[in-house]
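The structure is given below, and queries will be raised subsequently.
Labels A, B, C, D, E, F, G and H are assigned to the chains in the order they are written; within every chain, residues are numbered from 1.
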Amino acid sequence: NISKSVSDSIDMNSSLMESFRTFRADLDAHQDKYERLVKISRDITIISKRIIFNLHRCVGSTDREAIFEECVTKFSSISPLISSIQQETMDLDPYLYARAYTNGYQELVEALTFYHFLRYSSLVSYQHLSPFFKGTLLIIDYVLGVLDLTGEMMRACISSITAGDMDTPLQVLSFLSQMNLHLQQFRPFSHKELSNKLRTLSTSMLKVEKACYSLHLRGCSVALIAFEDDEERDLTDMY
Amino acid sequence: SEVHDIFTTLRSQLTVDQEVKESLQRLLEPLEESVRELYTSLQAIHNPGKQSIHSICEKGDVMLLTSREKLGALICAVPIGRYYKFNFMWSFCMQRLVTCISLIHFLRNGTLITQVQVSNNLLIESDKFNLTLEDYLVGVLILASELSRLTVNSVIQGDYQRPYDIFKFVSELNAGFKLLHFKNDHLRKKYDSLKYDIRRIEEVVYDLTLRGLIPETEETKIEETQ
Amino acid sequence: SEVHDIFTTLRSQLTVDQEVKESLQRLLEPLEESVRELYTSLQAIHNPGKQSIHSICEKGDVMLLTSREKLGALICAVPIGRYYKFNFMWSFCMQRLVTCISLIHFLRNGTLITQVQVSNNLLIESDKFNLTLEDYLVGVLILASELSRLTVNSVIQGDYQRPYDIFKFVSELNAGFKLLHFKNDHLRKKYDSLKYDIRRIEEVVYDLTLRGLIPETEETKIEETQ
Amino acid sequence: NISKSVSDSIDMNSSLMESFRTFRADLDAHQDKYERLVKISRDITIISKRIIFNLHRCVGSTDREAIFEECVTKFSSISPLISSIQQETMDLDPYLYARAYTNGYQELVEALTFYHFLRYSSLVSYQHLSPFFKGTLLIIDYVLGVLDLTGEMMRACISSITAGDMDTPLQVLSFLSQMNLHLQQFRPFSHKELSNKLRTLSTSMLKVEKACYSLHLRGCSVALIAFEDDEERDLTDMY
Amino acid sequence: SEVHDIFTTLRSQLTVDQEVKESLQRLLEPLEESVRELYTSLQAIHNPGKQSIHSICEKGDVMLLTSREKLGALICAVPIGRYYKFNFMWSFCMQRLVTCISLIHFLRNGTLITQVQVSNNLLIESDKFNLTLEDYLVGVLILASELSRLTVNSVIQGDYQRPYDIFKFVSELNAGFKLLHFKNDHLRKKYDSLKYDIRRIEEVVYDLTLRGLIPETEETKIEETQ
Amino acid sequence: SEVHDIFTTLRSQLTVDQEVKESLQRLLEPLEESVRELYTSLQAIHNPGKQSIHSICEKGDVMLLTSREKLGALICAVPIGRYYKFNFMWSFCMQRLVTCISLIHFLRNGTLITQVQVSNNLLIESDKFNLTLEDYLVGVLILASELSRLTVNSVIQGDYQRPYDIFKFVSELNAGFKLLHFKNDHLRKKYDSLKYDIRRIEEVVYDLTLRGLIPETEETKIEETQ
Amino acid sequence: SEVHDIFTTLRSQLTVDQEVKESLQRLLEPLEESVRELYTSLQAIHNPGKQSIHSICEKGDVMLLTSREKLGALICAVPIGRYYKFNFMWSFCMQRLVTCISLIHFLRNGTLITQVQVSNNLLIESDKFNLTLEDYLVGVLILASELSRLTVNSVIQGDYQRPYDIFKFVSELNAGFKLLHFKNDHLRKKYDSLKYDIRRIEEVVYDLTLRGLIPETEETKIEETQ
Amino acid sequence: SEVHDIFTTLRSQLTVDQEVKESLQRLLEPLEESVRELYTSLQAIHNPGKQSIHSICEKGDVMLLTSREKLGALICAVPIGRYYKFNFMWSFCMQRLVTCISLIHFLRNGTLITQVQVSNNLLIESDKFNLTLEDYLVGVLILASELSRLTVNSVIQGDYQRPYDIFKFVSELNAGFKLLHFKNDHLRKKYDSLKYDIRRIEEVVYDLTLRGLIPETEETKIEETQ
């Protein structure tokens, strides 16, 4: 039987087989590293998500500082995870394993920028965030994280109106409209995740506009009251 | 404003990326063109007419000169440390190159060219550009597919020796691939097709054996090919 | 044969599962029917006509008897230790029940009924059947939505006190929900809508304040509701 | 400002707030456990996949036993992972967290049944596998794993022909056709994953039939040779 | 051959079927055209300008003459006993007709036209063609949607009475629909939109009530509704 | 109110409709079960083991008794004149029945059973229930698919006559279908699969012819078909 | 060989075609870039900050110079008689241009710019290149969407006149579109969005009317529109 | 109003466009019918029975008369300068015509008919209507597919010469297509199928060669092809 005799004659110690054994080791090592990075990424995601929920408690709260301090502690608990990623990917092309931890990084960028926005009313730049990531943060992950931030800003805008905070909504409107104008110009870059998130940004933008619209109209009811002229009263103390 | 500055910076960075990508794309196109021509010219092995396999390989060598040059231009343009950001762009091209180079090598030497040999052949400097293991392996699997087709065409052309050589070679390849663990990806799918390729080759060899069309010095020849 | 035996066993096991599911489905339908009727009858709060809120609640109590009975029958049929295999089936129903029971409770007491109280009200024995936290929370969020609509309709009916009570209550609910961490799931989506519900309520309260339509003893009353 | 005064008057220590604090703890604990289980499941998946690749080396190999022994060692390395799952889910409704580790379990069932098929030429039953899973294996995961097994059987069938093994293909054909007849009767159960895998089984079945068909025809070429009658030779030694 | 004969017979059967369908399609097109025109002309209620609602309705009556005639031609062509084989074709058209007819009826009488009255209006002979219950209900749900939009536009035009009338009417419709129990189908989805329509109407009535823009005799009227 | 009365009437109408549908559904389920069993048992032709094709057909006959009975119960429940309102429910089931009956018929007689014969076999009285042309044709197309698979399995079992018989039969079927002209619909899509089935059968016949595995009287037989 | 000659001819034909397409693509990209910038700069109307609408329009005029120039270059490259072979390439771009030009026109004059005026504005010579009717209509529908959003943002900026102007304009547009009859295509889908846009504008006008925020001369103006 | 006038003009434009399209559709249908019949009648080559290939071709010639006439009527109706606006409508039809005409031509002459010859055959005046290069190429690729199937059926019918002729012809076609360079489009996808067709043909030729079933003068013939 020719098949049998050929397969029996294969030298399992040939240089060809040796190189395939090396390939096996390489492929396995790659896969193992990828798995380890995915696990770290999932850990980062879950902590970041919780930080974001905590931060929403700031809206209308009298004790913002306590919440911020709590967040700072949680952020520092993420630091060792980033160190692990840094060690795993050290001296490697940063794009080689980027897909393994992009989810975690985006969520973390979202948490960090949201924290910064609520505490300092400003957007933290890529350059400022980069050290926290020990240089492992890609620009695209920063952009995607900031796009997620706009969703949280929108939520904060809606809540703040209810909480009697009349400044935050207009601040968010101004921030979002600037970001929107800039980000929408990113469109030509063909990147599926980016396009999806840009679409969500447009929706958030419209929600914030609608909220500011009714906030504005409520002020204008003064005019209506005057018009109705049966309920004249001094409304100045209402604001 | 602050936001304006941040986004202006981001946009210019992303624009640079985009421009790098476009310039790579422009350099990639002539490479693809030359690889396609190389591949097409090697296809002549299936229906060689008056050409000898030997001359087809030589013609391939000549065409490789062009591919090597176009690849060189591309390599120059790849930014250092960002190889894996763009390598999906030329992945298909590299696989085809591996197939072509390993085909010529097999036809001449009857052996598998190594990943390093292919890199050297293509003058790839490994610090900023490299032939990934995946592309090498996919290229080799496509080689097996070509060889499977070649067994059939060899018989049509009355060459009963080559099927045996190919069978021996692909069997060893198969034993090598069996050592590997894949994920559910493109590579795995290609590897699955190897089973069918080798079965077809084996069938041809079986057909020849059955009809006594074994070349006389078969035992010896197989020995030699290795 | 061995294979035959294995699959015959498997099939009978899966068939048993399927039959359990179907029998649960049959028991679920009358429960759904009764919950729908209960829910519909409570909707009368939005347009009560000559009925008092008090009598609508009493009618709700009576209808709850039926739901409780139908639920009891369903609970009996759930196999021990496999609650979570089937609970997606009645999840929607449990959420609606939570909404109805907590609505009646709020209209009477101005407070939030606890998860345990709902379970007791429904006579749920916790060893084989339970009201999941998710269903309780979703039910409570739907309550907030109903109350948001109720503020508008209260004003139409000339009741200027209820909007204040609801605002106070839903504000506290909101503070509670703010403590929680969600995943990107159904619950989170429902929670997002709470922001809009509370904003609508606050607008109504604002409109009333602006027009001096605050009930006289407002400060005291808010105190009392808590 | 009424909003402000209402939100300020919220008692953060009311029983309502207390119960929401309990809810938070419960939800977080649930999520954390789920994450731990997902990680274990991913570990099981990767080891099982590698075992399956190793097992394919049996086809046409002269040293099957060595491969089997290697697999046995790897299987025992999974045992502690199953213990972890068992401990995490102990005393809980088995369906509560089943979704977290179903992928890993299916892959493991596939590996175990494939091992058993190659070594003992039989299908191992749910009852026989259950102890290895320390009672944590659901029937549905067994069924889904077995469906994946049919794909591996098909691959083994194709390879074995090439390797000159003429018995395995017909054995696989017989196994698969029995399994197919039985499994296709599961169709009415509406279960998306099950339906998808049943469709794949049909495809595998057709591939195996095609392989056995050409194996049969090659035998029949004898007739052809006789028909051609210019190449009469004793072909008995060819088998 | 035998098979050939079988298929020759089948061919003529198939041809007949397709011709029936095509002839119905040809008769449907002018009907659709006329219904579209009717619907468009009734849309004027949202922005009537110098037209009165009264004259818009009268114009609708005239256009209905055409629709009735086109429908008559279609009815003649439907083969007896196979109404349900084709009715999906004109379902959309019938729903629109119900909306138009019931809208005119509501604007004139403030009441709901019945399924039988619509059938009579359209001169439908029930033995071979009928207005299905589903189409009637969908048509009425679209009516509610139109009326919801009309409340907003009435206020813009300074008419504060119509929103109250619509509020009363749609509240009754809503109570009516709650008597029905839909399985998960097309109708249920349409029915879900009724919830939004009614909330919109409530908001308008809220706005008017809050501002004391209640029509003089409104107190009594609301009383009656309930 | 008036609206309330209208909807009370509609409710009873709707309830009747839904009950008819549910009762049909209840009667359909055992029919589906029996057809599934029949179909599965006929699948044994592909790997008959020790059974003869003859005995598989006989077993099919017995199982058909049950299907026929279950179908009879369903037919009784279909309301007169509304067959086409519900027939989408059992369309799949009827197609499978056509496949099973025509498969048994072909295995015994080598010919195509007609639509009328299938109806008679199933005891369908055509005034209120009928086998639609579409279902008959789809059933026949599935038969062609089964036969295509059977050619391969026949060869495995060493039966070289059956592939030729199937080749002849499906060629005639194909010619028959070409007489029909489908619009772009469900049937057309199914019909496309016939092209693949016939190519597969041609390949098997090719393999057999090439190897001289022509059944003795085949020469004559092929002559006759054409 | 003969075949070889045929394909050599075809190759040159194909190459010419592809080169035309590529050269159009190269000319299209800067046009797209300029239109995107134009569009983005006009978006400032929604949140003008310290800019006046007037200055935003003037900035738009300047940017249009670039677009017009880039379009001119593209037009030159379109081969005569094959406009419709390629126009799908710049369809999106033309729609955006229509939106931008008609937006500026509306903000200045309060009227709809005609298809011919847009063509003239863009210096399109109609013999080899034209603005298709579809692109004009889609561009106008996108304008309606932008204006709908603008009503909301106008109110935020304290401008209560613009919403009324937009209401009047879009109502007329809506009436205009009702004169057209679209088959089921891309345009029809876009047209459906107009319904939502107009409802949104109506809501804003409703809010303003209710609050007596009617611009002084509004009474007369609304009168005239109708 | 002004807007009204603009849309009245647009309406008439739109109506003209739609009427042109509909009239083309009406003229296309009989053409499609005749092409379908032509194609079906040529299918007889796969299972010719007592017909000769020669007579099948002659029958095809007769049927082409009808197609040519129907195409002529269509061509007359295409508006000048807007060919490419509508040509997607008859693209499928033209491809099929190319396949039929080139099949007859190959069966008679063994060569490839040129694009110009097909145009002449169809009496296409190139100024307003033309056979696009894409449609010609797709038609030729479908021809290759038909020929691939024909090799199998030729062997079944005992004709061992035709497979060699087809092998020679399709090899040349394949070499021809390799001269072309497709971008990623519809054509490329079709072209991929050529690879499978040629492999199938190679397998048949392999089977014949292996069994010595080479037609007598084959040696020479193969020589010439290369």
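Keep in mind that, in the parts below, a contact is a pair of C-beta atoms (placed from the backbone, for glycine too) under 8 Å apart; a residue touches a chain by one contact, two chains touch by 3 or more.
Note that the coordinates shown come from a computational prediction; the quantities given were computed from them, not determined experimentally.
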Quiz prompt | A-C or E-F, whichever has more C-beta pairs in contact | solution = E-F
Self-check item: Interface residue identity across copies chain F, chain H - same or different by half
Solution: different
Quiz item: At what distance in angstrom does the C-alpha mean of chain G lie from that of chain F?
Solution: 55
Practice problem: Using mean C-alpha positions as chain centres, tell me how far chain C is from chain E in Å, no decimals. | Solution: 35
Practice problem: Would you please write down the residue numbers of chain B that are in contact with two or more other chains? | Solution: 179-183, 202, 206-207, 209, 211
Practice problem: Scan chain D for residues touching two or more other chains and write them down. | Solution: 3, 7, 28, 31, 50, 162, 185, 188, 221, 224, 238
Quiz item: What residues on chain B touch chain D, complex-wise?
Solution: 174, 178-183, 192, 195-196, 198-199, 202-203, 206-207, 209-212
Quiz item: Where on chain G is chain E touching in the complex?
Solution: 171, 178, 181, 199, 202-203, 205-206, 209-210, 225-226
Exercise. Quick one: which bits of chain A touch chain B in the complex? Just the residue numbers, please.
Key: 2-3, 6-7, 9-12, 14, 16-17, 19-21, 23-24, 26-28, 31, 93-96, 98, 122-123, 125-127, 139-140, 142-143, 175, 178-179, 182-183, 185-186, 188-189
Quiz prompt | chain A partner contacts - residues on chain G that touch it in the complex | solution = 32-33, 36-37, 40, 43-44, 46-47, 149, 152-153, 155-156, 158, 204, 207, 210-213
Practice problem: Could you please specify the touching residues of chain E with respect to chain F in the complex? | Solution: 1-4, 6-8, 10-11, 13-14, 17-18, 81-85, 111-112, 114-115, 133, 136-137, 169, 172-173, 175-177, 179-181, 183
